[in-house]
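Structure first, commentary second.
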């Protein structure tokens, strides 16, 4: 059942094709998490996964990351040596290191730290740099996790509900930051969210999943350039999606 | 008020495989204890220290220890007293083929000492070496203090050039090809005692002796009778053979011989006189560290029957 | 370039079964045989009275087992170990958790702890025997007193590392003391408890050896010392290994299944 | 019904200062004095040769301190303890973490661990002396071998309880081995390390006593045994307390400040 | 600085008046979390706190709960013996107890467990009852925390962003459940959220907070009955609030 995880050349798409993933529960029963999820994230594009809570989104990301190896199917990752950054669903900071140390520790050798000031600034973390994660509010901790992901300038970026627990203003600022970071280097990005507005604003492609065990419910392509996505366009798009995939909005 | 037929119980703490246990085993086996009006209960222990703990905790009435320890404990307030049991003490053993002929040859060697730096034989031998040969044994040699069985083993393997060990370890070494360079008794005699001093003996409390004089007297009589038996009869040893754990026949015979050699044969008066002399000598060599706060042998260290009582 | 997962689920399930169920027993057996082999080879190479071969040790074991002597001494020691273990774990855990939770108590009693931790076993044992007599209570008490500070030290660290989030939850939801201890505190302390009890059993047994040496007339410690006087290493090893076998049986048949149950919730890695 | 907070911030800050800064030292002093008082009273009540009073013990301490003897023996023991401690902690941690991380390794070596955990100190020490001679290396090695299994047991529990979430994070962000150990693993193992080293130091010192008793000609264990032969409890306590004082100094001046720094991140409770 | 926390008679309002709350950071510096936050939650009403991430909302809840005792000001809690339930910002489940055990453990003596089946059902947890929290997705874990809070039938209910990490359909279902639970017993409820839509749907009063250190930015009362709050009303209300408190929506 061990699925294949391999790496393709840079610029290549991330190809995900999971034909089955089941967990053995502690009670001995099998939990079917994923039935059939296959999609592609073209190199340098931004794809969003949307699906009901508990349907298998995080599991999909974990398989892509190579954290789950027992599955049926295959995953082909672009750019073998490229850096990967993840924003997990929980902040996953080292509680015994300050915010700044948490970010610096993730930096690979080659990357300078000049930009950290600016990054912390945009994230509203400047004042918290030398604090421990236990002293942060959940929203601040999530931002620290985002700082860590952005700081390493990844070639593949995975985000698991990155903007929850944030107020709308902060979230909007961070979405803009994400777009900047992402478009500056044409990172390949795969995000999980429950927020369709967010998805519509950020993605090139939205993959809708069904209830557990996850199957593809539909894939929606957005061709409009990000700059052209104004409030009005968004509302129309949202209404269209609401009609096509009722219940998500 | 007690009928003479009454048998007094007495608990004696001994090392399970110790030499004392051989004697007590023979005594009880032959019924020599009850014949003398005592009922001896042997309480076996696995270590030397255990019996002295047991005596102080009041769980046994009698143990075997040396008079120096008794005197020292008396000086600090304990009411222990001592009756001679054996003159066998440790001997300094060297391998048969060792070039050492006397203490003067012991320089630059590794010497194992079982009793620790305050062992009185060790002090006597050092004093003798200094006086006779002008050798300071502890600075001219490497001295290793350690557990008796370990040192015996080390002597066998040759890591030690000489070892000062308790008599039955020495006897076993003798059986496996070692010879005695000098024994503690010889050292003491050369340093001025007139005869072999019984350095270990039965130790019990004055208070016990006062409350149970018949028990002590009966026990000491039974002890004498047992010693007579073990001196005169080889057959009496046969049942003890397993207990003695002799490696072979040679060891068995040497152990018997050395045991018999160690039976004290002198009058109490001579014994005390020599002991006092030895004490003075030890005070000179070892100082307060060794003998404790008293400059002379503490009054009452030797049990003198009713003479000790009121 | 993609490697397609080809093994069927059924195959995988079987493989996992083999992996999880069969191997433990086999592995343990292989492990024990390996140990025996190493010993045997070492003994054969050394060829010394000091390192007897397995058959030599087994001979002594068999002799004393048949005579019943071994079982008697083993039982006495196990009895002492069991009582002292229960007493030390119970008292030590209570003190340790208390010190871990209250910073003031910790500050105050820490020097005492360091003192008791470092008092030589010998001193405690001798004092216990002299004050309370050469009896089982003194022996077991002395063993427990020697071990308690070690339990305290370990459990204290565990209590210090307790998750305040869960304590807060328990407080708000008004868990009673019993519920809180059983469902919130103890599961968090399990690894510390495991560590304290494994090294605890071993330590207690080692102290029991000294206790038996200094004032008991039975038990494995008594026997081992007798054999030491005679420098009979085969005898020492026979008794040691008999005890180790009991510990191994407890470990494999009681402790490990219990731990497996207690840590079921941890994600397998 | 509402109690309005009336104390000013400044007042509170002072109070907290007093609470946090002044009290520790004072508390420790009070604690030590309390201990001394209990001892003195107990000794006065017992009025026994077996429990000497503080002045009697101090007299011996002073005599041997002035003659320099005490320092010599203390230094020898501390040297052995230090070397054995470092060796045991290093080797034991590596093995323990390895066994905690790999389930297969754990299954395989667990019986060995149980064996080594339960081999009496006496056996290891005697074998070490026999094989490697009556020298320092054998002595220190024997102490370390006695302690290693205990370190393994504790560190293994710690490694088993490592947070897989953080390990995953470290893996994805490609932390090198050094980074991972220093920043991810060790901080999580800190409480286990604390427990292992505190009870470890104590255990090592106790084993050192036996090692010195069996085959060394200096050290506190050698002296204690000497005094034990003479049944001089004051002498035993003088040397014991000298060692305890060193341990207490290490605890208060090194370990506690270090731990306070290492656990700064924990929310004060 | 220790603030007062006291209890008033049942039915009485929850009165919060925090005049200052500061944390001492691990770096020694003071973090001013709350400057002045005073509001009231009338007995049996539903009040929502909205404010930027890191402004002091969770801190306010913690003070109300008595988990933070060092503060200036006072809190008067209604119903001294009443049960309190909290949904913390993280699930805070006991990882070594199953979902069902986690809920049962929180139940006080008097409460039967007949209703648990239904509760688990509505929350979509029926299948997960005998699983451990480590086997749940974050959304499922949050629902388990909600189950625990609802099961004990509290008289005071505190919710810290209860519906994040849930898909919109599940969230809507749970909001309806909350309304049912809440109105059945007229629980006094105080909720923290970043979701203004949610606030408008559920609350009788919305308290807007400023950036850290938190002050009251404004208090908005909603008099319209919950049943009357239809989509159209909501949009008008939201637009009004957006004008009054820009940036929140």
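Every chain is named by a letter (A, B, C, D and E) in the order it is written, and numbering of its residues begins at 1.
Following the convention adopted for this analysis, a contact is a pair of C-beta atoms (placed from the backbone, for glycine too) under 8 Å apart; a residue touches a chain by one contact, two chains touch by 3 or more.
The UniProt protein names, listed by chain, are A, E = ATP-binding cassette domain-containing protein; C, D = ABC transporter permease.
The structure presented is a predicted model; accordingly, all values stated were derived computationally and were not measured.
Counted as hops between touching chains, the shortest connection from chain A to chain B is 2.
Note: the chain lying farthest from chain A is B, by mean C-alpha position. Put simply, the C-alpha centre of chain C and that of chain E have 47 angstrom between them. Rounded to a whole number, the gap between the C-alpha centres of chain B and chain D is 40 angstrom.
A separation of 28 Å divides the Cα centre of chain A from that of chain E.
Once the centre of each chain is set as its mean CA position, chain B and chain E turn out to be 84 Å apart.
Listed for chain C are residues 50, 126, 130, 221, 224-225, 228, 264-267, each touching two or more other chains.
For chain B, residues touching at least two other chains, in rising order: 49, 56, 147, 150, 153. Residue positions 26, 90, 132, 135 of chain A each touch two or more of the other chains.
Contact residues on chain D toward chain A in their complex (touch as defined above): 165-166, 168-169, 171-175, 179, 183-184, 187, 262, 264-267. Interface residues of chain B, counted against chain D in their complex, comprise 49, 52, 56, 69, 72-73, 76-78, 116-118, 143-147, 150, 153-154, 157, 159, 292.
The residues of chain E lying in touch with chain A in their complex are 23, 25-27, 31, 50-54, 57-58, 89-90, 124, 130-132, 135-140, 143, 161, 164-171, 194, 196, 247-249. Residue ranges on chain C touching chain B, taken from their complex, read 50, 126, 129-130, 133-135, 212-217, 221-226, 228-231.
Chain contact summary for the complex, chain B toward chain C: residues 15-17, 43-47, 49-50, 53-54, 56-59, 147-150, 152-153, 245.
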